[in-house]
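Please go over the structures that come below.
Common to both upcoming complexes is chain A, partnered first by chain B, then by chain C.
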Partner chain A sequence: MNSMRVEHHPVLGDLENQKEIKIYFDGQEYTAHEGDTIASALLASGIRTLRLHEDKATPRGIYCNIGHCFECRVRVNGKNTVRACLTPVENHMQIESGTPLSASFIKGGTL
Partner chain B sequence: MIDLVVVGAGPAGLGAAIAAAEHGLQVCVVDEFVKPGGRLLGQLHEEPDGKWVNGIEEAQKLYSRAIELGVNILCGVSVYDLQKVDHGWCVYTTDEMIESKCLLLATGASETPIPIPGWTLPGVMSIGAAQVMGNVHRVKPGEKAIIIGVNVLSVAIARELQLCGVHVESILLPQPGILAGDAAQPEKMMESLLRLSHLAPSPLIRMGGKWVSPKLGARLFPKNGFKMWGIPIQLRKTALEIYGENQVEGVRIAEVSASGDVLPGTEKTVSADFVCIAGGLTPMSELASVAGCSFCYVPELGGHVPLHNEFMQTNLAGLYVAGNITGVESAKVARAQGKVAGLSVARVLKALTYGGNEKLHSAVEEVKETRKNALIQFQPGIEEARRELYGKFDETHKKTLISI
Partner chain C sequence: MNEESTVVCRCEEITLKEIQGTIEKFNCSSREVKLRTRAGMGSCGGRTCRSTIDRLVEQMGGPVISNEVPLSYRPPVRPVSFGILGGAKE
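This part shows the complex of A and B:
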């Protein structure tokens, strides 16, 4: 599903010669364009929730899209706290959404 | 040790890199984003003569020129620390540590968030995020938008979203409260909007720009708003809350008086699949603060800015600033400031050839000229505020710096 792509633009022109690659988000396969960031590739496929908040488990997505706010942090190829909005996609990239921390990791939590 | 490290590959950073490299300096530009160009990349607007200004093309031109001059440009690299050393600076990046004789911070501005209830829901993003998503990544953030925050930036980007095929349902004010500040005041926002009047296709606002006082404008403002490019701008409506289960489903709104008070009994909900928050811009000065430079609070320039002079020198030897870190202004002003900074560095490193001082002074004049002709004035009183700031710099730091 690539319906969110701006294929045609009255001033910027048409999107042409886009090379497609495969990425995985929480195990599910998605098509991305080379040159996409993780955030833009997933949004183009209709994915908005990139993680659940560590403490409250509320859904979070991109906010600033230029690396300031860290709201879009995901796990990429095993590496934590990667900003989806600043990270270019690569073929077969494994992306995992953030999940709530277990009670023992939360301040005031018990083991 | 190279001559100059520039943090930020926007119009100011690239402008500086070009000016410095043209005088034989060895320059490295570092930027956190995946592509060079900074906020130029998202920009797309129609000049009064009907010509479109495409920021992506502008960025490409600057980038090509810099590469041609041998500038090293590192994208996708973040700077996280700076250290003053003998005769220069150590710049710690996520890639490597770079040592340089001079350092220019051209980090630009960041958006001020307005944290209204529901703002963390997926589908809520800053107005600049939506701009980059649509124009740079060519992905629509959603089908139907509500924009919270009426200012020059939000109105301009609303138009850009429309060109991407997004339906912009309306632009309205944030709920009054301490966090929204002036952004919730119809009169203040009318004042800000009037500075856009020469670009507006709406006769009401175009005429308004010439003769209506902001106060009167907000009073006379039709309750249902008026339209620019077919987008309703509703200075008399406010967003109380963004609602939705797992993502944005809509916004709860209410009518407000001319001074921004919510009118009881006027609440209703409007559906939308994404919401943009437009709280305005603030100079992004964290690295200047890490470097330890002096600051000044100048509301006309968007907040706290590093103390600097018109040659873009800060009070720390070898540390320069240019672009929106020195105050929120247009990309053209940023580029002109970058040129001044580049020449200023070349002057200090004795790379300016015969006639160099004249070059530097004419670059300073060019900044003033560009400012005067800017299409969009983000705040009134920029020129006066800058004069005052430079005066303050000269008073306190003249003796400690290499004179120009």
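This part shows the complex of A and C:
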């Protein structure tokens, strides 16, 4: 169910049907269109949480969507810190969301 | 405004309360706030919270923004992986 994808745009008109491809996010399969970025493909399938904050474990996702803020960093095909908002999707792409690493209050936290 | 839940630095998730507390306790400049709380050290390079920290320091009587650049831009301007620094192909 492409719940969020804009099929009929008042100005741009209807979405021409691009080629559908398969992407995997944390082991689950999703369909995406060629030419989507990872962020927009996942958003179209209703996924907004791309990672959990490394320290405070809060859910994080798209923020600037132009490659500045790195909030959307995910792990793609084993490569870390890939910006989902800039990276186009490819067929059978393995995407893994960021997980919390360690609790900083254990090693002293902020002063 | 609930200082506890107001996040100033998104990347490191440092709340307004922590920053105000640090400024009050140590009466420090924005650079010192950055060193003490990591606010401004996140992956966005301080783009989101830099000016807020400067203004908070100014508001709370910290050293007014003198000629000393408060939160200077530190290399790398964009996060870069050690792999690439080590010559791995992009």
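Here, the second predicted complex is superposed on the first by the 101 of 111 C-alpha atoms of A that agree within 3 Å, B and C clash if a C-alpha of one lies under 4 Å from a C-alpha of the other, contacts with A are read in each partner's own complex, and residues count from 1 in each chain.
Here, a contact is a pair of C-beta atoms (placed from the backbone, for glycine too) under 8 Å apart; a residue touches a chain by one contact, two chains touch by 3 or more.
Note that the structure is predicted; figures quoted are calculated from it, not measured.
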- Message: With both complexes superposed on chain A, which partner does A:V6 reach: first (chain B), second (chain C), both or neither?
- Response: first
- Check the residue A:D36 against both partner chains and state whether it touches chain B (first), chain C (second), both, or neither. first
- Message: One more residue to check, A:R48. First (chain B), second (chain C), both or neither?
- Response: first
- Message: In the superposed model, which partner reaches more residues of chain A, chain B or chain C?
- Response: B
- Mind working out whether A:Y63 is in touch with chain B, chain C, both or neither, as first, second, both or neither? both
- Based on the superposed arrangement, let me know which partner A:K19 touches: chain B (first), chain C (second), both, or neither? neither
- Task: Classify the contacts of A:N80 with the two partner chains as first (chain B alone), second (chain C alone), both, or neither.
- Result: second
- So the chain A residues that chain B and chain C both touch are 53, 58, 63-64, 68-69, 71
- Task: Over in the complex, which chain C residues touch chain A? Could you list them?
- Result: 10-14, 18, 22, 36-38, 43-44, 47-48, 79, 81
- Contacting residues of chain A [partner chain B, same complex]: 4-7, 9-12, 15, 36-37, 39-40, 43-44, 48-50, 53, 58-69, 71, 85-88
- Write out the stretch or stretches of chain B touching chain A in their complex. 32-34, 44, 52, 54, 56, 76, 78, 110-111, 113, 120-126, 128-130, 132-135, 137-141, 163-165, 246-247, 284
- Query: Taking the complex as given, what residues does chain A use to touch chain C?
  - Reply: 53, 55-56, 58, 63-64, 68-71, 73, 80-81, 110-111
